[in-house]
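Going in written order, the chains are labelled A, B, C and D, and every chain counts its residues from 1.
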Amino acid sequence: MTATANSDSMAATPPAPFAAAENVCTVVSNHPVNARYNHLVLAAPPTALTARPGQFFHLLCEGVPGDPAFLRRPMSVYRLRPADGADGASGIVEFLYKVVGAGTRAMARLEPGGSFNILGPLGQGFHLDPGWRHVVIVARGVGLATLAPLADMCRRAGVGIGAILSAQSPELIMAEDVMEAVGAEVVRVTDTEGTSTVANVERLVRGRIAEGRADALFTCGSNRLLMLLQKIARQEGIPGQVALEQQMACGLGMCVCCVRQVRRGGQTLDLRVCREGPVFELEEPVSW
Amino acid sequence: MVDLSVQLGGLTLANPIMPASGTFSPDIADVIDPNRLGALVTKSTTLGFRAGNPTPRVSETADGMLNSIGLPSQGIDAFIGEVIPKYRRFTPPLVASVSADTPDEFVTICEKVSIPAVDAIEVNISCPNLEEGGRAYAMRAESTLSVMRRVRACSDKPLWAKLTPNTGEIANVARAAEEGGADALVVANTVLAMAIDTETRRPRLGNVMGGLSGPAIKPIVVGMVYQSAKAVGIPVIGCGGIMGTDDVVEYMLAGAAAVQVGTKTFLNPTAMLTIIEELEALCAAKGINSVSEFTGAVVVEPEEEGLPLFA
Amino acid sequence: MVDLSVQLGGLTLANPIMPASGTFSPDIADVIDPNRLGALVTKSTTLGFRAGNPTPRVSETADGMLNSIGLPSQGIDAFIGEVIPKYRRFTPPLVASVSADTPDEFVTICEKVSIPAVDAIEVNISCPNLEEGGRAYAMRAESTLSVMRRVRACSDKPLWAKLTPNTGEIANVARAAEEGGADALVVANTVLAMAIDTETRRPRLGNVMGGLSGPAIKPIVVGMVYQSAKAVGIPVIGCGGIMGTDDVVEYMLAGAAAVQVGTKTFLNPTAMLTIIEELEALCAAKGINSVSEFTGAVVVEPEEEGLPLFA
Amino acid sequence: MTATANSDSMAATPPAPFAAAENVCTVVSNHPVNARYNHLVLAAPPTALTARPGQFFHLLCEGVPGDPAFLRRPMSVYRLRPADGADGASGIVEFLYKVVGAGTRAMARLEPGGSFNILGPLGQGFHLDPGWRHVVIVARGVGLATLAPLADMCRRAGVGIGAILSAQSPELIMAEDVMEAVGAEVVRVTDTEGTSTVANVERLVRGRIAEGRADALFTCGSNRLLMLLQKIARQEGIPGQVALEQQMACGLGMCVCCVRQVRRGGQTLDLRVCREGPVFELEEPVSW
């Protein structure tokens, strides 16, 4: 019998060869880091630990009656750590998130010991060219969460980092410790201090280029900064990558709802942020 | 030993669980083994290139979601050359879903897609017919009959007609599809709907209107499956809001021979496999030898059935 | 000072919030003061006595409920003699909802109910027309036009046509109701649906099929209000799945001049009053002088509006 | 302005003259009393305290994602107590309930300190004729919860009680303490002991009648026992009352979904259990 053979031979949870899984994690901690952002730490099974910087998970945020969340919510992996041997999980996956709506409100309600289903890892992560010695990271808002693991990746590859972290106000700058821990030179710019203008960021980036310490540019979290970096990269002939956002349903490439216009191979294509992205070459996205 | 296999208009499926068009692609192989599904159903393809609708293309509602993807498509040649081979890496019967703006186009695309790699054609007649001012073919019995007749004449493949719930006459449409030569019916596509963001005052979908799917629509579609199955002799495939095994049994009791799972796969890509396992366990526990015994087994005394005079 | 009043086809309501027919009765005065509502709407009455449907008459679904009450009624004479006086203890405009099996019966009942105590008649043309084999009048434009014309000729009261969502041509039906002489449209009644208990294998409603209401159907009906309001010049009253103030604003943005609240009153009999208060506070906070400013204020660029080509 | 006048002069929560209200209560305790029944104790506002035996509340049971409850659930008041002064509430309302589906599962999840919205009191309660000296109460299953407050009502009216409590097994007999506390003579009959047969209950009831201690018969919870008592009452010319159940939506008399066939004034009528009931004269319901 086909059917019997099926369920005898395989379990619903996919075995090792699957690239992604519905990882059922255990909440280790879930705290605010400042007035706007929370930090979620999960004990996760092995598949989740294979995530690379720039990849994301699709989170099953269960709302409550009166504040329901129906679809999953995409979230970049902020940090990954192998197990410290203390518990059964194979390691730790962390997210840094901003509470904006029903899904993130549901996340904010997660309590230690609770379980949380995170589908992934998904999408294309950042990649480093073996020739690069110094990169510049320009992050704003929640983009900091996405770019933090890239800093760690650079450190391990022996690549120097100049990080320009932009936020509305100084207390909203995050991941600075993560960046500095891996030896990044961090510059903070903020709206309240008047330092986060496009002009000032341009000055900072061009300064690194002038010093010969900008083999590649990375960005996430601001369309304004994306346009700036696209312009500089084009003028200076410097490569780079950007992590994009888009509303998602499936997160796996099936529903084609998450497209962004991208220039690739001389064409303008609608590519899926969840599958061909979220990381694209800096010059590719049609920004607006 | 439970027999999960089902007969569907010329095809035998190992089990009655398959994906709904547009909610599935070979990409799912990252998470599950598609070989365990009863069949594979492609996203609807069109004859030529289509860009699709502006974003946002999805939005969530009470126990459901809206989509207005807009049938983006590389066109039938890329579909046959590039998409089909990706599906054919897997063993279940392959159902190619096709959409077209006009009956002529439907004929051309069905002819083109009638290749050996394709086991059945799902004719998405829930899409707008430009010759009827954009009204979907399956909103009326007449246009359903005429388009299905034309398609029937041009292909020997098993033909599944995918009906729309946006009609007041589902039983007549179902009969027309059967008369037009359909081998099975898929009931149904999404329900026309809309949502507005009261902050921005803008529609939540780039295309303004979209299609509602998910558990919210299940009772509507279960009612349509019941009416359709009573109206026709061909198998009916239930589709709308299936979240778990109990929903599958409910659809089968209402008259479905098999089901398609859509939105739930977005929430849990593993759900279809879980359902297949649970369905087998349920049959075993209840001493049911063949899952088909559920089909149409709802208990309705004739005198109970009043007019649809609700309220 | 926010002006919550709205103009509705000859009537002025103190605010746009009123109950939906069949989900309200003077019994609610045990819990709230009905005088604070924009209008009162009676349960649909019929010409003669009707027993109603067998129980169970309700069942719950994902974010919604099914009902098949079956229009139990003591008949029009008891309605006028006993029911109307109970409503007339309260001050808001009184809307009498009527249903009938045939156009002739509709004429008789509308004549009878055109008494001074009644401020408007809601013509429930979502109910089955026995002369069309039980198809609801409002499923097609033709039958809508003819029944509304007949009713218009026999009554000088403001006439509200209550449409059904069980049609693929809501805009045509809306236009037909206007052409037939309706002063306002109520969009819409419940969505035809069904649920089966998989344990007992029996339908969850005694009448097998019933009507779906509640938040599950809101996006469907918002879409229909949007289409109807674009199609007609008379006011549209939105009705379907309203749970809170944001839903009211959404309906008004889509084109509704006022709204009816049904199922939510079962969950919270105080909800309509809460909504009235919140609506006023919201307008005040946003600097909106008159709640009517919301009506039809959805922002849609003409080029955005594609065919309803979702999927 | 009408509207302003409205909301200035009245609050959404109705003032005193309203017979029923959405009482927002605080959970005091919520425990199983045996394998099948739970006991919920609520601190309640004044309107709730006006409930009479046989009346019910309509409970807003908020499910959880995956196990939702949409409509309210009707539940007879099991006990009422005025405030002991310890907290702000005006008194205590108690329910005895059986976990059967989503709504009662949601009730079982209520935790002390949580809030619970109970609409009521609703419906018609039991009434005692001034001439009655002795009554017989025949209760089965959850009917025990409904009839317990009647026993207290009898005590205060100086009416003697013979209570026949029926259950599947001895450990499922509830409210026995409540009955005995008010001086009822309690007989327990159970399926497992073979004592709950219609014949045995008939023998017990007829015994009380023979002793002249059955001026009225009360029952709830079993259609079989209802039919038995209807027969005895008819034969012996004894009055009585029964509390019926039916699925409900509004609980207030608006939706007409909760009808039961009742003989009244020479006619067979569909009456609303929520409004004309749940308590009916014993001979009225058309039982089946």
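Rule of thumb we're sticking to: a residue touches a chain if its C-beta (ideal position, glycine included) is under 8 Å from a C-beta of that chain, and two chains touch if they have at least 3 such contacts.
Please read all numbers here as calculations on a predicted model, not as lab measurements.
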Graph distance between chain A and chain C, where chains that touch are linked: 2
Separation of mean Cα positions, chain D and chain B [Å, integer]: 48
Distance between chain centroids, defined by C-alpha means - chain A, chain D (Å): 57
Mean-CA-position distance for chain B and chain A (Å): 35
Shared interface positions of chain A, touching two or more other chains: 68
Junction residues of chain C, two or more chains touched: 22, 61-64, 67, 69, 214
Touch-based graph of the chains, sorted into line, ring, star, complete or other: ring
Set of all touching chain pairs, with the criterion as stated earlier: A-B, A-D, B-C, C-D
Chain B residues within the chain C interface of the complex: 21-22, 44, 53-54, 61-64, 66-71, 99, 124, 126-128, 134-136, 139-140, 164, 166-169, 189-196, 198, 200-203, 206-212, 214-220, 222-223, 226, 241, 246, 249-250, 253-254, 297-300, 304-311
Sites on chain D touched by chain C in the complex: 1-4, 6-7, 10, 12-14, 18-22, 60, 68-72, 117, 119, 122, 246-260, 270, 275
Chain C residues within the chain D interface of the complex: 1-5, 14-15, 22-25, 27-33, 36, 43, 51-52, 55-58, 60-65, 67, 69, 72, 214, 265-270, 273-274, 276-277, 280-281
Complex contacts: residues of chain A adjacent to chain D: 62-66, 68
